[in-house]
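Order of writing sets the labels: A, B and C. Residues in every chain begin at 1.
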Amino acid sequence: MRSETKNLFKGLGFISPWLIGFSAFTLLPISLSLYYSFCNYPLIQKPVFVGLANYRGLMHDSIFWTANYNTFIYAILALPAGLFIALALALFLNVRIRGQAIYRTLIFLPSLIPAVASAMLWLWLFNSKLGLVNFVLRGLGMKDPPGWLTDVRWALPSLVIISFWGVGNTVIIFLAGLQDVPSELFEAADLDGASKLQTLRHVTLPSISPVIFFNLIMGIIGTLQVFVLPFIMTQGGPGRATYLYTEYMYDNAFGYLKMGYCSAMAWLQLLVVLALTGIAFWSSRRWVHYQDR
Amino acid sequence: MKAIKWSFILLIVVATAGLLAFGPRANESLPKDRVVIDYWEKWTGNEEAQMRVIVDDFNNTVGAQKGIYVRYVSSSTINQKTLVATAGGVPPDIAGLFDVNLVQFASMGALEPLEDMARERGITASYYKPVYWNGCNYNGHLWALISTPTVVALHYNTRIFHENAAALRAAGLDPDRAPQTIDELDAYARVLTTREPGGRVIRAGFLPMEPNWYVNYTCYWFGGSFWDAQTRRFTLTSPPVVKSYEWIQSYASWLGKDAMSDFRNGVGNFDSPQNAFLAGTVAMEMQGPFLANFIYNRKPSMSTVLWTKDVEMKKSPAERLRNYEWAVAPFPTAVPGLKDVAYCGFDVLAIPRDSKHKKEAFEFIAYVNRQDVMEKLNKLHCKNSPLAKVSDDFLNNHPNPYIRVFERLARSPHAQTVPQIPIMPEVVDDLNSLSQRVSLLQITPQQGLAELQVRLQAQYDEFARQQRARGSTAY
Amino acid sequence: MPLTRQIERRVIVAPDEAPIARLDVIAHGATSGRRTRPSFKLFTHFVLISTCLLAVVPFAWMVSTSLKTAENSILYPPQILPKPVVPRNYWDVISGEKTSFLLWTRNSTIVALLTVAGTTLSSAVVAYGFAKIPFRGRGALFGIMLATMMIPFPVTMVPLFSIFRWLGSVTGIAWLGTFKPLWVPAWFGSAFSIFLLRQFFMTIPKELSEAARIDGCGEIGILFLVVLPLARPALAVVALFSFMAVWNDFLAPLVYLQRPEQFTLALGLQNFQSQMGGTPWHLLMAASVLVILPVIGLFFLAQKTFIAGITTTGIKG
């Protein structure tokens, strides 16, 4: 046998677990999902083809648009600010001071904890009568602190705040990227007499732009799929203020047994994620500088 | 340092191994010689304990005779879990469903029709009170039998009424009886509401959203409903429904929505002394007969004014009332001449279609529906009885001294259950969201109801079309 | 340039990088290499201390509440330090009649062990194929595998449910209502782990595999006798991260597990909260602490591995 063919068999053999798993647990479900999105499928009964009925139904569904709006607002509030906070923290954590390791550990810890536990903790912290947050706010002189999770205006921002608490993961990635920047660049900037701000803008940020790009992609995918915290903490309330896309999908699938409808929603989400990621990739040409080695 | 680390790791490994080898397992201590029936139920806490008494009774008597063992499993999201498990082909043998889920399950073919097995036991329409029998029947079949029913009425705190007798009389209201119309209710509520100088509500005379369990059915007391079963259309924009939501919103308006949400934030959970009615922060509320149990458990002083319970139970039904600083009356209506309107909820026992032990499962359901067992269960749960015949012992020795009021309401021609809409869970979610938004003054009732009318009618029509396409008549 | 190629170029760095070896740098921290003014250092301390307080105070509050009595836990103004201290709360949570904490922990442990074993083993095998065996279409398949990391779970959760039900009816072995849907897919490799391991394997010099081949080893022999022993740090990262993913997973158990006796810890904690009716905060916080403990403990035991894993994904991603 030619060595090329031999290698082909060997290679496919080694990656066969993934090939099988991919076909069975990814490719097949995605195709089925597409098919179901064109069907009426109450799960207990067999799917029946209905063409575009689900998609048309979604377009006229006020709750679908509410969920979209909420998810969009959440993403706008959480993603840019989250990245900014993470980057800022990473920059501070990169300064050579004593206790660096401790600071890094402490800031990283919240991102480790399971979402369920985080939900319970923040339910308690944000309790508007008894919670620590309002206790501190009242202590600082605020007479009428927000109702947080029970207040229509503050429920979604509460979730955004919790997402900032768990930003440690992103911080560490930024930190690693910062430490990857060759010191020659900084020395050169120093020699040129650049100020801190100028160094930041012209040396640091461009050098870590691949890391920013990575965190941006991860962030887009992550914020569009937020489910556990609102599901446990507010169940989408009050008055659907925290009703996000994934929860509506879940309710449709396992609450109302509208699997076809849910699949249509899932595919729309997939297309949006792909589109946004595609845009990010395309725009990355402009602002992401890889250190070609 | 390394030594500490490695000893930690060793400890974890040993603990894990111990947990795996000797830890609790799922299927412990089931009798091997009997058919095991999985019974999934929503109740927790005391209500779970009370149902377990009945389950144990069955296992020790009929179950022992017929070789059946009922295993009670408690789960809070029971309707969803049962639905998904049934859809997944791994259902329980008996599902303890909510009333709002019954028609959804039935219309999707998830349940086993029970009318034949029931008829064999003499359980037919005449065995039940009509409102409950009709609630369990849909599209020509009997889909479940009741475990515990409920019926709601106005509960009012007589102590607060008497403490404010002068103020009530000054407003032309009688402190010795309950309000008899919605307008009267509003008047009582205004007098009995107290506030701090800054505007925060200390005690609310009444709050439509406290509790918010029955808010969706408020339209019944306004003489209408949001569903017309004949035309199969939603009637969300009909005047009674609109008026009912305007009434709900009126409380947010005159109390101030921030004051109201602030107040509601401080209200404790239902099963705690911070329950608004128990804590006295609300003077009147719409609730079912089981409230008596919670009052006695969490704030016994309200139910033992003169005597302890055992002394009280020896008194006559009329005498017993003196031991209570709360009372029950039919919830008032907004329509002159319309009386004894009540929403009747119920918990059912149903058999999923793919259950493997249907006959044995029905044995348990039939047992629960025996008059003596049903009365025992509902005395424990402090609820009324769904059966047509009710024994004197039930009426006289019931923990709730106002049980006759509830029984009368359950037989009223104006007693109604949840509308039989297959997409009811979706309707419930939408209505809950609407009542929240209305009482937060976010939207006017007309606007909100108009939106829902369009959306829900479209969802229902689509559902009906699909059912017809499958050749089903269940829609 | 075809898309997979682009992804590969952008997402993957040239193979002569040794990702895990960088971890020393991270742990001890190189900096921007310039002298920083003392006032700026002070400012930095201030910022970081405030941030750390914000990060840590919630934990402290959780522990504090978990050690209070029921009445003290709902006092307002809140009692900062519990008095009396009630460690019994933890015992109540574990042994309480209404909860099945130990059962849930056991369930989570079983699923976690099966998943971690499966992920590590299968991903190593697959990564070896992608890294060490040149074959046609390898790049394209690798690109496809990377792309699957972007697919949200909800897209596949409904059809997977159907597939598992069909499997159950066709093979007679139940899938739904068991743990199988949670851990069996792990035995077919996880994209993230495969990616990580493949990057690492590519740093292992060809000479070593050549030497083994001359000694008569087949590919499998090379994998198990040469490559894997060298890849221990990377395998540790994979094991750690897959454990974290399983331990924290909520949506998949929510969808696939119906019986309360099968709940994993994540699902059990939520069930605990809703079962309790009157939200006993002291017990709920104690339960939450118990759920967090394994993860925090693991972090402190394996700090370096954690950081290495995260930074590798980030830098090379």
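Rule of thumb we're sticking to: a residue touches a chain if its C-beta (ideal position, glycine included) is under 8 Å from a C-beta of that chain, and two chains touch if they have at least 3 such contacts.
The structure displayed is predicted, hence computed values, not measured ones.
Across the assembly, the mean Cα position most removed from that of chain C is the one of B. Set side by side, the interfaces B-C and A-C show unequal numbers of C-beta pairs in contact, with more at A-C. With centres set at the average Cα position, the gap from chain B to chain C is 41 Å. Averaged Cα coordinates give chain A a centre that lies 16 Å from the centre of chain C. Each of residues 161, 255 in chain C touches at least two other chains. Counting partners per residue, chain B has 84, 87 as the residues that reach two or more other chains. Annotation for chain A: residues touching 2 or more other chains are 43, 129, 254.
If you check the complex, the residues on chain A that touch chain C are 4, 7-8, 10-15, 17-22, 24-26, 28-30, 32-33, 36, 43, 89, 92-97, 99-103, 105-107, 109-110, 112-117, 119-122, 124-125, 129-130, 132, 135, 165, 168-169, 172-181, 183, 186-187, 190, 196, 204, 210-211, 214-215, 218, 221, 224-225, 227-228, 232, 246, 249-250, 253-254, 259, 262-263, 265-267, 269-270, 273-274, 277, 281, 284, 288, 290, 293. Residues 6, 10, 13-14, 22, 25-34, 36, 40-41, 44-45, 47-49, 51-52, 54-59, 61-62, 65, 74-78, 122, 125-126, 128-130, 133-136, 138, 141, 144-145, 148, 150-163, 185, 187-189, 194, 219, 244, 247-248, 250-251, 255, 265-267, 269-270, 273, 281, 284-285, 287-288, 291-292, 295-296, 299, 303, 307, 310-311, 313-315, 317 of chain C are the ones touching chain A in the complex. Considering their complex, residues 80, 83-84, 86-87, 104, 108-110, 258, 261-262, 264-266, 423, 425-426, 429-430, 433, 436-437, 440, 442, 451, 455, 458-459, 462, 466, 469-470 of chain B touch chain A.
Residues 40, 42-45, 48, 50, 53, 57, 60-63, 127-129, 144, 147, 150-152, 237-240, 251, 254-257 of chain A are the ones touching chain B in the complex.
Put simply, chain C touches chain B in their complex at residues 98, 100, 102-103, 105-106, 109-110, 161, 164-165, 168-169, 174, 176-177, 255, 258-262, 271, 274-279, 297, 301.
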